[in-house]
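Order of writing sets the chain letters: A, B and C. Residues in each chain are counted from 1.
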Amino acid sequence: MTRFWKDGSPPQAARPTGPGRRRVATSQVGLMLLIVGAVFSVLAPRFLNPGNLLNICTSASVVAIVGLGMTLAIASGNFDLSVGSTAALAGCVTMSLVQQIGVVPAILAGLATGAAVGLINGLIVTELRVPAFIATLGMLTIVRGAALIYTRGRDIYLYGQTQYKILSSGFTPVLLALAVALVLWFVLQHTRFGRHILATGSNPASAQRVGVRTSFVLLGVFSIVGIAAALSGLILSAQVLTGNGRLATGLELSAIAVVVLGGTPLTGGKASILGTLQGSVLVAVINNGLNLLNVSIFYQDVTLGLLLLAALGLAASYHRRIKSV
Amino acid sequence: MSNPSTAPVLAVQNLSRRFPGVLALDNVSFGILTGEVHALVGENGAGKSTLINILAGVHQPSVGQVLLDQRPVIFPDPLSSQRAGISVIFQEFSLLPHLSVAENVFISREPRRGLLIDWATMNRQTSEILRTLNLEIDPTTRVSELMVSQQQLVEIGRALSAKTRVIIMDEPTAALNEREAVRLLEIVRSLAASGVSVLYVSHRLEEVFSIADRITVLRDGRHVVTERRSGMTEQQVVSAMVGRDLIHSTRPNRIAGPIVLQARDVSVDGGLIRNVSFSLRRGEILGLSGLMGSGCSQLMEALYGLREITAGSILFEDRPLRMANPRAAIRTGVGLLPEDRKRQGLFPDLTVAHNLTIGAPPRWFRAVPGILDLAAERCKTLDFKRQLNIRFRGPNQRISGLSGGNQQKVILARALAGNCRALLLAEPTRGVDVGAKAEIYALIDRLVEKGIAIILQTSELPELLRLADRCIVFAGGEPQGELRGSEITQEKVMELATGLSRRATVNSATGGVE
Amino acid sequence: MSRRKPRLTTPKTQPKAQKPLSTLQTEKSEIPELSVTARIVNQLDWDLLWERFGIAVVTIVVWFIAGLATPGFANVGNFVSVLRQSAFVGVSAVGMTIAIIAGTFDLSVGATQALCAWVAVSVAKMAGVFPAFLAAVAVGGVVGLCNGSLVALVRIPAFIATLGTMFLVNGLTYIITNGQTARFSGKSFVWWGNAQIMSVPIPFIVFLSCALLGAAMLHRTEFGRFVYAIGSNREAANIAGVPVAKVAIFVFVVVGLFTGLGAMLLGARLYSAGPGLEPGFELNVIATVVLGGTRLAGGRGSMLGTVAAAILFATLANVLNLNHVDAFVQRVVVGLVLLLALSVEGVRQRLAEYWSRRTVSTRHPLGGRRSAVAAIDEFTD
């Protein structure tokens, strides 16, 4: 029950609002995508290269997978800032086990690690009543530290592990991302658990009053986020065949950014799977284009930050116009 | 020996509930019969909300029991209360705005086929339930897109789908217009006829007398009476609620001074409130009254800079008034005592002194902005303590330790500390016990004597009668009429507020045995 | 119609006879009175005591234990090192304390620190100490201004806004510095980070001064009153006439100013500064404030607690170092301690709920004793 500065007035009894803003946002992202894509294909000749397009797809998929998990978290009214660290830890765990127990069991172990971290996050939020973003901020450091301790600060190399590399080669990442999107979409639309996620985010107090088991819902959500982060981490580590404690730093911001860009409101209650996918592609396109233009990676960070703030600013001013009705 | 058909389905026995600093319920006992509409009335602060919360499983009793079918039960959480067949429709509803009507109706009980939600069944059953409530809407509509009256019906639908035995409605017509309220009352009657008990919590006596089978009155947390509706008149209920003769403290005759504020054809927020014209004089109290949603509180907010005045003009001391925010209002000389002390007035973690001087922290040197003069602050606090007779241990006591009445006085002191010439009082004695109420009335009298012009917005008619020299009654955002002096009666006010002339709906006059 | 006596229709369970309508008397109930010791215990404001002095006590206890348990701890040189180390996080934490009391916080302090440190070192190289101080503080203030505007004017939730700014400033730092570290070892500059006066390190003196300044701001100025008010109840603050937006912006500016100052000290200490200076800094700062007793929800806080917590963290790091514990483990420890400090609030809430589930809590020695905020929240009518 923290009193952080939310925008404006306390939640009011629902008033009739206009048609879904979501439709507007999705088409906005799509439009931006086209424009940006067009701009880059003109500026950078290699942009439309099939190899390059594949690159875009791969990096989009990595962000998309963790972004989809984050979408669920945000729809339930929470955040998870530890996804980058979770990805790193999962990557390290898997890398270290591949040669001992085989590829598939190692992958499963990595995913289980993600689930475990997510579960701990969920417990801290539901049992210890620590606000989600601060709890996961703390876990960010702890898990990152755990990853570094686990690898003793060194990298874990895998030589010639073509089997594992499948995770990150060709269309596998894209297929994985689409599969995750499909599964999560289905859960959100057609299962009780999914609807309860939206209920919890829509109005947590009411949800509890009417019998939604918000604690269990949140535990489930955070576990899913953990697994998604782990999967992203596995793909990333497969790309370089290295388990590194410093992997995926900053992934959390990209994840939140793609969710926000995709139109899922930060206040919860609504989830746009399609929007997150579009947002991921947009971010990947921008990063890729800037790369091709030899712009330093740090400009990419700046761009991402600006994009995020701009999207949030637009959303906030839109909401203020609605509220004044 | 109890007749099985007259055994109460739900009852409370010797129920008491204490909170730090206040006894919200004091030895309350009464019961609700099957299939009856049982009205629970009482003023603000009488304990109705606490009682509802206990029955809903939100709070636990400090002493006493809840009896379901004459067996003691404990509701440790809201879910257990619902499973026992008790549904509560709170004033602010328990809906999930982003979800559809059907989902809200069946929340946590969604029909499933295996792991998947059975949308077809859910939508179909929802439509059936809604039809019995005369609500013809698509069950897949998102709840946030519905009107408030429709949302309320969805809440009732949820109770029905859960096979509820007792529905508790807290001020259900507060946000409804006339027609919607009538429809709701019909639905309540049919619910009772079908065997569902309804605990109807309201202080709108006209409604209560038109549908209640029995009436329970609470006052200051204590049970006053439970009686069949046919055995009581409205007057008796009112006396039971208020507890003393209204004629006791009278409004002194006041002579109004020069005009201090003049409003002409004012509209707020582009038409939410329209056509407001009035003038306010020094040394008089102008009352604003109306049912909830009539626009009074919004007008008050506009006069204080919390809402935009989109048309018309306001002259304050002959100068046009332009207030962008409360800070500007205070600087101009307007003060506000907000409606909801907890949400809009108190700083619970801070001391009495902080709460009092926050509007105008005393500066060390006039010229040096920012540095505080702590001694002056202490002085000012003690000064007001004397003037307003506020009871607290010391200026550094946390305000959360004060009683409701004293807290209200502190916030009043805050408004006065800003040297206002016009004072807006919104529900000044809400959540205040009877003794402190009388004190606050006397205080208000003294303030007016000193020449402050006061606008009083209240939903408590006795308060209006006691304090206001003149009164403007609102309905639907427009002023319906102005009453002066002896014209201000409960009947006339209600008449104007509901936009109807008074019908003889009260059965007690004509009698009739149930 | 005959007028019947009002009767409660639950004859089995109704112990008293109902009175006739005309007398309308009601009976008072009996709730057991508390014992004398219970009342005294109830009177003491445990919350406040713990908040103000709790961490200081804990720190002293930890020093005691460490002094006994760890060789190499209890000597002057080591204490100097601990105190010095506490200053770099501490100065920023002073600003952050004000922000958290106001009900918000700033995740961009780490990135800001890196930028300001680099600015300080570079300017010191060119123009000397005082200009370096001005420049570092100014840059911090500008970042704070951006944060404040985003939060108060554009109305973006604080944590996302400052997260975005963190990224921005990070990237900006890399761009401006071209990835290079700036170095400068001018005597008058590095004095600020490394010297001592009577065995008390300069950075710590600066830290204490900042803490005193911060405390004075909170308790002796209008601004401080407004900060407490906004953190306690933002809506009420607006209605009471507090210039909420302006104060909010200024809060972030203050955070930025203090961070800039702390950054200069750090740059002076390390003789250098570059991008990516200290990962996890923002967490350290927030952890220090929360551990010091300031509630995350706002409205209450203790500068003394922040000072004590900063020293405590530095002590912990020192002890871990002396025991040759991994640097990574140290970071994990910080995270754990933060979560521990935060969960105290949550655990207390759970305990309160648990007690209220069991009926009649007035018999319990601390019966009815919950935090004031919870009490206000509960009483709704």
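What we mean here is this: a residue touches a chain if its C-beta (ideal position, glycine included) is under 8 Å from a C-beta of that chain, and two chains touch if they have at least 3 such contacts.
Every value quoted in this text rests on a predicted model; they were computed, and no experiment measured them.
Asks: Give me the ID of the chain with the smallest distance between its Cα centroid and the all-protein Cα centroid.
Replies: Chain closest to the assembly's C-alpha mean: C.
Asks: Using the touch rule stated at the top, which two chains are linked by the largest number of C-beta contacts?
Replies: Comparing chain pairs, contacts are most numerous for B-C.
Asks: Determine the centre-to-centre distance between chain A and chain B, using the mean Cα coordinates as centres, and give it in whole Å.
Replies: 44
Asks: If you average the Cα atoms of chain A and of chain C to get two centres, how far apart are those centres in Å?
Replies: The separation of the two C-alpha centroids amounts to 29 Å.
Asks: Could you tell me the distance, in whole angstrom, between the mean C-alpha positions of chain B and chain C?
Replies: The mean C-alpha positions of chain B and chain C differ by 37 Å.
Asks: Mark out which residues of chain B touch at least two other chains, giving numbers and ranges.
Replies: 343
Asks: At least two partner chains per residue is the criterion; list those residues in chain C.
Replies: Only 233, 235, 299, 377 qualify.
Asks: Residue numbers in chain A touching 2 or more other chains?
Replies: 10
Asks: What does chain C use to touch chain A in their complex?
Replies: Per the stated touch rule, the residues are 103-104, 107, 150-151, 154-161, 163-168, 170-172, 174-175, 231, 233-235, 248, 279-280, 283, 286-287, 296-299, 326, 328-329, 331-332, 334-336, 338-339, 342-343, 345-347, 349-350, 377.
Asks: What part of chain A is in contact with chain B in the complex they form?
Replies: Interface residues on chain A, with respect to chain B: 10, 13-17, 190-192, 195-196, 198-199, 201-203, 206-213, 269-270, 324.
Asks: Quick one: which bits of chain A touch chain C in the complex? Just the residue numbers, please.
Replies: Touch residues, chain A against chain C: 1-10, 79, 124, 127-131, 133-135, 137-142, 144-146, 148-149, 153, 245, 249-250, 253, 256, 260, 266, 296, 298-302, 304-306, 308-309, 312-313, 316-317, 320.
Asks: In the complex of these two chains, what residues of chain B are touching chain A?
Replies: 56, 58, 78-79, 82, 90, 92-99, 103, 107-110, 112, 115-117, 119, 143-148, 151, 158, 175, 269, 343
Asks: Residues of chain C touching chain B in their complex?
Replies: 1, 3-4, 6, 8-15, 21, 24, 26-31, 45, 220-226, 228-229, 232-233, 235-243, 299-300, 356-362, 368-370, 372-373, 375-381
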